[in-house]
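Data block below; observations after.
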């Protein structure tokens, strides 16, 4: 009986969405048609006025260049979803791979729909007290679609980070709900503080160019909260000792790292949100700082793991590259290559120690290292902008001012992410529950949540 | 007829196969198993070092006529040997009947 | 004896190809050299005339932008071949994976060679009675190579769609021959009707922006014909009951979906064939409609499968995303985000029902769902342009006119694809045969067709 | 004891690197700040002078276009690292997959760091006697970062080629050291001869547009030397007979080929180093020649393997595509589509014969065919420029002059690569050793070098 | 009780399962093994053609009460048969005791 | 000596291993098999729902001296138990001879 009601209500919701959407839409149509009429007139006037104003046309080319770059960068960031899927499935057991695939695809889909439906305006709408944007439904500004796209794939990334940390034991529905709230509430609001232009952290002078904190730390701290509230996988800790639960395919994991690294060029260099004029060299510079930090992170993690465990560890090296990428994200446009190199080295050291610490001391079970890679390296990277920024950094004669601002930003956003995601996970835990049954977990989520295996 | 089952190191499989070939035992089945025993192997995964006695091994099952028993065991003992802990085991048991599906032959004739 | 003759004739053909090609080429050389001489003079004049004509130079930038966008979009579409390979191998059994790899690579190679050799001019040459282009050998217009490339990767896509539907039982040589005919005859001719500018469907006002019908439906209907004529895989239907034949690696299948989704941004937004000036916002708009439809398709298929089968089905969700992408392909530039969202929802519902229907009612064995995803969703998506097009759609006050034209296009091209591919498959069946032997099928095509296994 | 010292020295080196780098950096800071001051003034003047000089602004757009194209092409080339990883792991056994992953990631990281630190200036610094560039540490020209990036990913490619040929038996540390020397010494010096502008081969008129010889042959010959000095894998040759050692996952191998083919568009078309103005059509032309040669190579290798072995061989077809790509790399901008097609055919034939010859006659164990694909096809492709170049090629009335120059270049660089890599591998062999122990090799490098398995 | 072990062609597994189902033997375990025997298979890998007697096979293990022995062997002999070299083998041996874990039943009762 | 073969649920393997460890049976081999029996599992694949009795199981093979037989069977019966259909089976048979390859020891000595 209950089941039928659930089914019916799902179908109902679906219908509602369609009709509601449609109703909304017809209203829009009228507006649009008048706008079109107006635009046509305007366009004709413009055309008439065009020939003498050559500079105008030149700016046109530049605007196209910028839009094109944003679109291409957005496409690269989009592909990071595939990278996350590969890393997360590769670092966990095969019996849960299908579940992870589903979570990642849903992150992307929900992010795409949710951010368009409401999230984008919560983040970028006119600022209400420097805290939140003015929300409006179903964003539809035909001259701003490139930005919507670029921001959408960013939002999807923030949600996806959590997926890896809670892999192998979380209920599918619970996760989907969390992902939705993350994309349309948690992430856009703190994002508003930094990137909307009128946000209170922007006003302070906080630098987080492409989102070490805005995207990665938010995801990382939510991952921490989730991993704690959901608890470790069965068998992870016995007699207070941390056990190894092997990832089932490190080759796919490493392919994922390559894909993420690839996408990161779009993530960081696309965040310039322009490529014309002076931005061109900035973009190229960001590509180099991004690449150097990743390389430095990987090499350092390899060396640290070699010294610490006696062998160059594959998964640590992979995490090192990612940590370097996360750490440079905040400062990729503010530091020089040497700064990026050193930030990468620091991230590579920190990530290995942090994974160790979280796993063995905190006893929080994070199968893919998401908390360390995104949360910790993101925070460190954001702070280090205050040290290595060629304009205003501690080492470049800027004193501690910038560092202080960076610290405020890191803590403010960290607190926001931890508190909000705690509330969400806690409420979900007390209502529909966050964890699958013991039997389901041992048999694998694929079998129970999706009644199918990934490998046959 | 006897069934000889041997659990050996995967790295010795080449030599074992060659040795069986020498004594003209060109019929057997094998598959990969995980073996638990005295040998321990040290691993590290994401900073957690652990030592496990679950080691990949190869399992060989050979059914021979009684007259072939000794030389086969002999060959296995020689070729699978390295001297280090974990060389593996050989078990012998009785087979009451054997059939070759293709010819419906029974008994020792069905083996070769 | 026979074998030797076959071998010799293959070698002979190869030599012929080289010499013939070369002969052709030397003739061209002379032409080219005179052309070059002429061009040089022209170029010099142009250079002399350049400085005063600033606008000219500005247009240069725009033309470059357009070309660059087409090239980049083409590269993204190219990568879809990898996506198809992953989806098709992932959704089928491991014993045929090598065969699928070979078919997909050959689709791409034959498409690349065949479309250059003759297909492109059949499609885009001067129209002969609005039905077919004037063919000419070995296209070599140095100022049009970006278009040749973009159209080549489209042609390769149309052929590849069939590969999945006939997987696991089709003779390799048969498939290669079909793929060749598809690329140089079937696809270019119907493509000519819509995209050449003088085609009869263009004249009617048929809208298929990026090829829901021109590319995907054509592939989908050919897949239907192929799957029927070749028959189901052994064991697929027993006692009139459909059995599940499990895909061997849904993780790779889902990676393929990510790759296809990625490539689709190039497929749809690249079909604008420009990005400068007014096209820029169109491109960005297409990216958003494409992304929203895919997301809506995936979410809807997930919900429908959840309601229908009691669990969120992985492979259906993946197919839902693809169906959303196929469906929006026709209208990606004609609808607004809300329209795209609804088209995606409809595609997500339809694809699940269609897969069910084709599998259980029609009893046509389509291992990857190519007929439903490309044929059915392609047709639906093309029709829905008549409903949701903001300019001329039913819901936007355009009446039924556009819808009628859309229907004509869908049926005309559908009929063309079905009839021609029926003829080809039928002739192949009666001559060299379309199916491998029972023993080969059970052992796997890899072992018999290629004497090697993919996994060792 | 020894171990501790090793560890300490590693840590020491690390610290040294950081401090050294930092010291270097502060010096730079001062320079930079004065430069910035100067630049600001200059910029202001420029701005003042801007309005009347419209052409200036136009050039700005073009420069941005060129930079953007280089960056995008570089990103595509970057992704080739993932392709190499997939091909190399797919064509070898699973027990060594982790080791190959590590080698490929380290190639990229070391290449990124090493080329920035010193390699780039060795290659492109002011020419010292047309033989080597003037080296300087830590390249930091903010207006040239796009070129640094593009060249970095090229350098990483050259190193990676060796990895496949020596897979399954080489010591990790040895490989890393070789890779470092390859990236900062061997490759940049011979690269200088051809691409720096003042190199002695450039002066002769040697054409190697995108690096058939400069990148691929150098990698291929080093691979040959490495494979010979390290010796075949255990079990590869018994009683003078070559045995098959099966690749463990040809599906991943083929995915790798798709990724490489994708990246090659960036590799070849990016080497135009511009896209504005007249370069636009060149870029598109290169895309087509690249694609056609790859397709022709694959089809030809398929046919040859079919004739030779009685079945269309999967791995040979894959190698054929790669050989076509390598061969066209030198002449992609100098030949027409027909020329590219024929070069691809020749490469497809040659690569199968060469793999056969090297494996069975030379008895050099090259698990992935790197020597044939990169070395032999690279050399052939470079020579064929002298035949098919539409400007100066033998078949286009240019006589033997160009062919002679091409031969000189191929042999000079071949000799350089063979001699230098012989010295390096020989010294490594006599000091730290090049090969793992027999037991390690049989158990797999993953278990011993990295204490972990890739598949669990 | 008897243990019947059969090494069969993978391509005959469908038929074998069906045949066992007919005689109501709906309980067994199976896994994939590599078999060495008289059959040889030709392969080509990267131009190296090689012939191997290492062929993928399916191993079925069925424990039956004595009364079921004959009909089970019969069913296997019929259903796994193709007549070509490599049809496989059937081996019969004695099982002393059997337990069903769920019910702790012993002996023949535990089997069905 | 006796060979104890047990087909168990994969999800009980941890407990079984622990139980064997308790009674100091630290030597055995195991691999994964597909089991056919009374238990059925419902699956859905692309809309086709099907129920199969082909279930993934773990196969454990332990050779023990006669004196260890009872406690080993006991431990298995306890630890692999859940009470639901599909807990699996234990089979006991006779082993005539055993060898440790490393030392060439024979008989019960070779086991531990």
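Letters A, B, C, D, E and F mark the chains in the order given here, with residues in each chain numbered from 1 onward.
Basically, a contact is a pair of C-beta atoms (placed from the backbone, for glycine too) under 8 Å apart; a residue touches a chain by one contact, two chains touch by 3 or more.
Only a predicted model underlies this, so the values are computations on that prediction, with no experimental measurement involved.
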item: Intersection of contact partners for chain B and chain C; value: A, D, E, F
item: Same vs different contact residues, chain A with chain D, by half of numbers used; value: different
item: Chain B and chain E, separation of their C-alpha mean positions in angstrom; value: 19
item: Centre distance in Å when chain A and chain C are each reduced to the mean of their C-alpha atoms; value: 32
item: Inter-centroid spacing, chain B versus chain A (mean Cα positions, whole Å); value: 52
item: Multi-chain contact residues (two or more partners), chain F; value: 31, 43-45, 93-94
item: For chain C, residues contacting two or more additional chains; value: 54, 58, 61, 65, 68, 72, 246-247, 309-311, 313, 315, 451-452
item: Pairs of chains in contact (touch as defined earlier), listed by label; value: A-B, A-C, A-D, A-F, B-D, B-E, B-F, C-D, C-E, C-F, D-E, E-F
item: Contact footprint of chain E on chain D as seen in their complex; value: 242-244, 246-247, 305, 308-311, 313, 315-316, 352, 355-356, 359-360, 369
item: Interface residues, chain D side, partner chain C - complex; value: 54-55, 58, 61-62, 65, 68-69, 72, 76, 93, 246-251, 254-255, 257-259, 261-262, 265, 269, 275-277, 280-281, 283-285, 287-288, 291-292, 294-296, 298-300, 302-303, 306-307, 309-315, 317-318, 321, 336-339, 341-342, 345, 390, 395-396
item: Complex contact set, residues of chain B against chain F; value: 2, 6-8, 31-38, 53, 57, 59, 73, 76-77, 80-94
item: Chain C residues touching chain E - in the complex, by the definition given at the top; value: 235, 439, 442-443, 451-452
item: Complex contacts: residues of chain E adjacent to chain D; value: 43-50
